[in-house]
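We call the chains A, B, C and D, going by the order they appear; numbering starts again at 1 in every chain.
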Amino acid sequence: MTLTQKLINDGNDAVDEMLQGVLAAHGAHLRQAAPRAIVALHGPRAGKVALVIGGGSGHEPAFLGYVGRGLADAAAIGNVFASPPPQPIIDAALASHGGAGVLFMYGNYAGDVMNFDMAAEMLEMDGIEARTVLTTDDVASSPDRSKRRGVAGNVFIFKAAGAAADLDMTLDEVERIARHANARTYTMGVALSACSLPQTRHPNFDLPPGEMEIGMGIHGEPGIRRAALRPANAVVDEIMDRLLAEMQAARGDRVAVLVNGLGATPLMELYILNARIAERLAAEGLAVHLTLVGAYCTALEMAGASVTLMHLDDTLQLLIDHPCDCAMFRQG
Amino acid sequence: MTLTQKLINDGNDAVDEMLQGVLAAHGAHLRQAAPRAIVALHGPRAGKVALVIGGGSGHEPAFLGYVGRGLADAAAIGNVFASPPPQPIIDAALASHGGAGVLFMYGNYAGDVMNFDMAAEMLEMDGIEARTVLTTDDVASSPDRSKRRGVAGNVFIFKAAGAAADLDMTLDEVERIARHANARTYTMGVALSACSLPQTRHPNFDLPPGEMEIGMGIHGEPGIRRAALRPANAVVDEIMDRLLAEMQAARGDRVAVLVNGLGATPLMELYILNARIAERLAAEGLAVHLTLVGAYCTALEMAGASVTLMHLDDTLQLLIDHPCDCAMFRQG
Amino acid sequence: MLYQTCHLADLFEGFASLMARERDALCRMDGLIGDADHGIAMSQGMAAAHTAVAALGDVTLQDQFNAAAKGFLNAVGASSGPLYATAFLRAGKLAGPRTQMPLADTPQIIAAMAEGIAQRGKAVPGQKTMLDAFAPAAAALGAGSLRADIAAARSAAQAGAAATTDMIATIGRAALLGERSRGHPDPGAASAALLITAFCDQIERLAQSEDTP
Amino acid sequence: MLYQTCHLADLFEGFASLMARERDALCRMDGLIGDADHGIAMSQGMAAAHTAVAALGDVTLQDQFNAAAKGFLNAVGASSGPLYATAFLRAGKLAGPRTQMPLADTPQIIAAMAEGIAQRGKAVPGQKTMLDAFAPAAAALGAGSLRADIAAARSAAQAGAAATTDMIATIGRAALLGERSRGHPDPGAASAALLITAFCDQIERLAQSEDTP
């Protein structure tokens, strides 16, 4: 059996070695509060709500790349595609809380919910209030918004909440803004290849050449359907039709756009997608306030891309523009 | 024959559609002076040496992502893996020169040399002085430094020259610094898969599973040798042995490190490489002043990575730290 | 015949090697309706549980189960982590702070685990999860002798896991697939059936050795 | 018999369709010792040259060559762009500002192109480049009749291109390969041999139609 080509050592060590490399590179931004809890050097402060994010590894720069002043205060790091257990979540919360409460934000997956909930219960025993806002931006994953997965839209949603916290809003306010940001963020993606876990180095699903999976999740979960791979513009059109229908924006409304690569798809392709996305938004009379293009939330070496629209209002626009300084993401 | 899976439209339109998408996303940083000449909105100014970079497409974020205040003033954009013709080079120079001369910087490839030299001749007729500094950082490509290819080290070398120009140094000084930066920058890479041109969507070379190409160029040019794919640490050791032998640094010297993904290799793997790189540098007694990790100079969707070391001195360190604000790269 | 801490330690050692062996098959199964990591979670989790239990000195059955729970959870996270951790905590509560328990009571460990999983996962049978192996096995208990119980639990677990193939997932990662989840077995049920089988086999062996002294 | 602007326009049309046809084969060849794009450069370049020439009104042969040079160069860049652009400019100088030239003089177009390439590329024969098709073809000229010249140039170009297989590249992208460049033909020489052959075939046909009026 052919093993997927990877630059790794023992697959079981991949996550910890990655963290070692991250800390070696980003000692000016990050510190390791516990083996799997990464904290912003300049993020947490007394009286500020602590934003703790987290999830499985393999989505880099998510989640640890979004830890920094103005965005998340800490991240709990799981194994590849696996929620972190409660302990690193607790470690991250304890290392970052400033007496104003903790907000957990992460993608809506059964495993993450169980682990973060366990962590929240344990923190409560220590007198630390931890609230939770799940991200549910993947429109392809369910007709029911509350059941949807959280995918690349995380970047915008975390960004808005992190800015609110950095502006010293209360836990109530930060939570409300996080929910609001999530409710106005819509993502859909396509996969052009599978990815492989470092331990097995075996593609996690079969995708015959010439086909794509529409609505693929960022862990290789099957999406809405298989289809023949079509030209970029047709792919964008299918995605945009769906996102625009969900978003229900009026002419003149503003959006933030994220054209996200899933890991192996190069920038050239993402910008080609953006050319069409910009055309479609212009045709709808929507103003693009900000466009991010790149690998922001990946699935190891999966080929493919997702498009996220955040439907801005004055508050969200302000929060999206608020400066942040993370190891792998800067704004303002 | 299986076609490589790509999110593109007609392969012949890929570069121009990409530019359209870049301009749609980065209108606050970039403008299109001519179809294939991209200029920094806030870069060029009277009395400043204009730094014009360029080369084939398919290396994004190189080259256009490094156009911006404090780095390059303009870039000439070629077809995929093909030097731009003289016209866009001239367009880029004319749109960015500020009366203090133009410095062309690009990787040392026969095609680029011919096209940039033709452009320089034509500019001379218009009374504009254009000098040239070729980058030659790929230690694997030749024992003779002057014959070597320019690869990911471009990022550091351009950065140093762009900072010098932004500090209003003269053309002589900027040129001298550019040569100095190039002479102190060393890169070596490995490829784990081929890439495919958008027009043919056919892998540009055969790499059997389980093998890697050591010393691979960023256009899929064969490297030093084929070898069985080894664990990340062994790959890093081979690269570092070579780079350190070339660099001849003394204990206590400082370096800047770039761990560069070739397109399809995810951040997790790059950080795993960096963990070992940091260990090796520490063992040599070298201080790491800055580490960049990510896809900085790619070869379409090639899998693999390169490591660049810039051997800093006080001047280079200052220039590397000098702020820059490009569409795809920020510093300071 | 008594079920002693050495037996429980053996069980975890067996769980660890079983899950290591089945790792890639379980990952492939998870790849079809999930994220292809269930084999990794189970093998890492059971390896950690085994290591944690093996490291204990003179302890009770409950200590062992608690150590296994903590070891599994911290090594894994994911869905399996909280589910198995809770299952082991419940089993530990059942076994209690003693160094041995009557062999005849051991089948109730399955029932305790099933309850833990149902509670932690907020799941009911029929949703295409590991509970579809645990719940039928638990339900099969109490019919008669230890031997009969064990045999019934084992075949119920296996049948339950097999039956997940025809189910549509309504909870967990696979739930979003809807109709597309049908036709593939649930990996969590498959690993659960393997573990229950191994447990039943152990109890059966111990019961046999009692018969033939 | 005269070589007229309509003939040159035809030639460029032929070059364009020939390179389109050979695109993928040339890319594969370039993949072995270069960057796999030579077929794309040649097909785009010749398509642009053809388009530029076809768009001209009442012009001279030199105008046509100059337009082809500019069209090719601007569409392509790369190594092939400056090399063929210079070759066409030299050919245009040879043909001069006239609407026709004697058929007997046309073989010198090959020589002019060879000079242009050598000068622009700072290359000499034997370095495993397109010059290894052009230079032998040019050297084969002047032996005797037009027909003999054309036949000799064509086979010299083809033999020259074939001979690149055994050469080690010492200039251009492949030069860095050293010994590893041996054993593969040079794509630039291969495309050059195809173009020279097409040109020779055209001249031969025109010469024939002169014989059989």
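By our rule, contacts are C-beta pairs under 8 Å (C-beta built on N, C-alpha and C of every residue); 3 or more make two chains touch, one makes a residue touch a chain.
On a predicted model such as this, the values are computed, not experimentally measured, just so you know.
When every chain is reduced to the mean of its CA atoms, the largest separation from chain A belongs to D. With centres set at the average Cα position, the gap from chain A to chain D is 54 Å. Between the Cα centres of chain A and chain C there is a gap of 33 Å. Centre-to-centre separation between chain A and chain B, using Cα means, comes to 29 Å. Taken as a contact graph, the chains are arranged in an open line, each linked only to its neighbours along the path.
Against chain C, in their complex, chain A makes its touches with residues 12, 56, 78-87, 109-111, 114-115, 118, 141-142, 147-149, 197, 199-200, 202-205, 217, 219-222.
By the touch rule above, chain B contacts chain A in their complex via residues 2-3, 5-10, 14-15, 17-22, 24-26, 57-58, 60-61, 65, 190, 192-193, 198, 209-210, 212, 229, 231-233, 235, 257, 259, 263-278, 288, 291-295, 298, 300-301, 303-305, 328, 330. Interface of chain D with chain B (complex): residues 23-24, 27-28, 31-37, 39-41, 44, 73-83, 120-121, 171-177, 180.
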